[in-house]
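Two complexes, one shared chain (subunit A), two partners (subunit B, subunit C).
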Partner chain A sequence: MSTLETIPNSKKEVLVEILLRLADDRLILGHRLSEWAGHAPELEEDLALANIALDMIGHASALYGYAAQLEDKPDEDHYAYFRDDIDFKNIALTELPRGDFAFTTARLFLFSTFSYLLYNNITQVIEEEQFNGIIKKHFNEIKYHLRHSREWVLRLGDGTDLSKLKIQQAIDDLWMYTGEMFETDKTENLAAGYNLFIDVPVLKNEWMKWVTETLEEATLKTPDNNQYMFTGSRQGRHTEHLGRLLAEMQFLRRSYPDADWK
Partner chain B sequence: MKIKQPIAESQIWSWLEEVTDPEIPVLNVVEMGIVRNVEIGKYDEITVKITPTYSGCPAMNAIENEIHKKLLDKGASNYRVVTDYKEIWTTDWMTNNAKQKLKEYGIAPPEKTPAGKDFLTSLKSQQKIVPCPWCDSMETELQSEFGSTACKAQYYCNECLQPFEYFKCI
Partner chain C sequence: MSKSNSKPISHYQNEWPLWEVFYQPGNGKPFEHAGSVHAPDAEMALQNARDTYARRNEGIAIWVVPTDQITATTPEDSEAFFDPAGNKPYRHPQFYSTPRAVKKRK
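And then the complex of A and B:
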């Protein structure tokens, strides 16, 4: 049934690295979204953000779980709780503090657009059955995240003067962290060679098109693309914020490694 | 109670029909389409293949535990429960009978997922009418695409003035 035994070690290593990158993005952003529980501007939005956070943490869990099978680790918790910030490969966009509601909305929109395009494209190349199944499944849920965040961008941008000011500010502030989405390196090139991933930079034009269309509809300005872009997160060089997030997320499990619910 | 394997496949299916969703106790895991396959191997080992519904659904763990418990309670010893991603779960797998039970429970059942729809348009502007499970009125409106669990959206009925939940299509 399983194809685990048939995957050569060199390919397995690359696959694990890709799984961790995808999972880290989703765990960290999911954690940031979960910080809204009980704090969102209205009850419906509180539920929506908590639901999306749950989805993302669920996505990370499935990807980590598969990596754990490949690496013969006990379970997905190994990756979430027992790695340090330098080991995490999420892009900085996902780890920035949650900010206000406009910032949260803008980040979710920029990330979900990327996620949608990435997943849509990689399901067409991945031959490895289990990996493809996981990605296909998550793709259906990402549509909900994209639609929801896009509608809020429209509402805030084309809303009051204040909401417009705030969402434009959020988009501008986030822009320098979007470059990392389209970076590629040796690992991803290898993965593309194994039909486990795509050449991510090809998504950039499409992403710009989607984002610009929505921003225009929301009467917002698309920031200049030729500005300084933050880099280094995929190599483990993060902003100061990730360490603090992990400290909060990991401390219980590290203090009581064998704790369970029973 | 210890039973002697081999057991018939149909017997295992009927055991699994006794396992219900903890969030929606009127539905069992077979009619929801969660159990995809039951196999009995050549050493009489039982393999139950299940597929996750919504990724963020915390009930999935509970459901898997319940399946283990049920098989043990029935006396099966040589079995495993495997999560399978080969087929992607969709609300279309829910049986008509299950949809009827959902409605009677007060949750509007999922419609058939339309193929190739423009998902970016909001549910509101798609003009999809979800009839009220209480009074069957078509005068309902979407309150939020996200509800009390990962699988539900919130609606309001303008006829009987009751809020209700709608099982989202996926």
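And then the complex of A and C:
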């Protein structure tokens, strides 16, 4: 499954599509986080962001690996390096440029809250043993990503005038990209029917509650949901930023397809 | 959010305070000093300690302590504190034989 708006027509194709959606979110956000290596405001935070980036790229690698096994592809690299932007199904939130530390923190918090709720819920419905095992294993790391980013939102929001201004701006700027988390389409409906996924819109209320609670504690304002929301990334219609990210991420592997770690 | 009442010193105005990190390698094991981290407060000190010193399965628990809360001996203390112990090897337990009854239980 890799072309625009193609509907998978077997359980296996549906599963592969779901695996790729989950993995693409994590690979792309992991890549954005990895851009902080050597640039974070403090050495300790540099390590923390690199750790989280590695966690996410690891999650993507496991999910791609499972998809490769199902589709009889050589390995996970096939999905990371040899697909074009139109084939990637990550939400736009994950591909936006890394921004400043407030933007990175806000994005990680909004995404990790979603990720936590999603993983917590899908482990309860997924019957495929291997898929469920992967999700359960990664869930513990997501708990930490949420804790780390939440604590930073609290500190930036309830910190200095400048840190509050920056984190509020970041939350406001990111808000139009949060709608895609709770969108669903035919593929996901099919997946829910096969007990491979859930109906994600049901997570929205709880996500709003968690996010609002943290923002209130951080003395920040929750943006209005009644605004333009970006859409289309799950079907391959991305922002201009993904292409550039992929160019950087993929060029080496594509220029030297047989390159090896030796 | 956990908060520490103590305010550790920072030598530079723009630098986060320093915390000493201790980790426990396993159940029932004594905590060992791992090193130090900078952090703005206790919760972030714990998280930074986790990211810096517990990434390779080193331990099962972490303590962080504001560095300025540790009272330490100085080199000037060493004569009075440590020299007297230097020539008292009989204080080491290997000089005492284990009673037979205890040996049997092993």
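We adopt the following convention: the second predicted complex is superposed on the first by the 253 of 262 C-alpha atoms of A that agree within 3 Å, B and C clash if a C-alpha of one lies under 4 Å from a C-alpha of the other, contacts with A are read in each partner's own complex, and residues count from 1 in each chain.
Methods note: a residue touches a chain if its C-beta (ideal position, glycine included) is under 8 Å from a C-beta of that chain, and two chains touch if they have at least 3 such contacts.
What you see is a predicted model, and the numbers here were worked out from it, not measured in a lab.
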Exercise for the section: Determine, under the contact definition given at the top, whether A:Arg147 touches first (subunit B), second (subunit C), both, or neither. Expected result: both
Exercise for the section: Quick one: classify A:Ile28 as touching subunit B (first), subunit C (second), both or neither. Expected result: neither
Exercise for the section: Determine, under the contact definition given at the top, whether A:Leu47 touches first (subunit B), second (subunit C), both, or neither. Expected result: both
Practice task
Identify the partner contact of A:Asp55: answer first if only subunit B is touched, second if only subunit C is, both if each is, neither if none is.
Solution key: first
Exercise for the section: For A:Lys136, select first, second, both or neither according to whether it touches subunit B, subunit C, the two together, or no partner. Expected result: first
Handout entry: subunit B or subunit C, by number of subunit A residues touched
Key = B
Practice task
Return first, second, both or neither, reflecting whether A:Arg155 touches subunit B, subunit C, both chains, or no partner chain.
Solution key: second
Handout entry: Partner chain(s) touched by A:Leu96 [first = subunit B, second = subunit C, both, neither]
Key = neither
Problem - Intersection of subunit A interface sets (partners subunit B, subunit C) - result: 44-45, 47-48, 51, 144, 147-148, 151
Problem - Touching residues on subunit C, where the partner in the complex is subunit A - result: 1, 16, 37-41, 43-44, 47-48, 50-52, 55
Handout entry: Complex contact set, residues of subunit A against subunit C
Key = 42-45, 47-48, 51, 144, 147-148, 151, 154-155
Problem - subunit B contact footprint on subunit A (complex, rising order) - result: 1, 44-45, 47-48, 51-59, 61-62, 129-130, 133-134, 136-138, 140-141, 143-144, 146-148, 150-151
Fill in the blank from the handout: subunit B contacts subunit A in the complex at 52, 54-58, 82, 84-89, 119-120, 122, 143-148, 150, 154, 168, 170
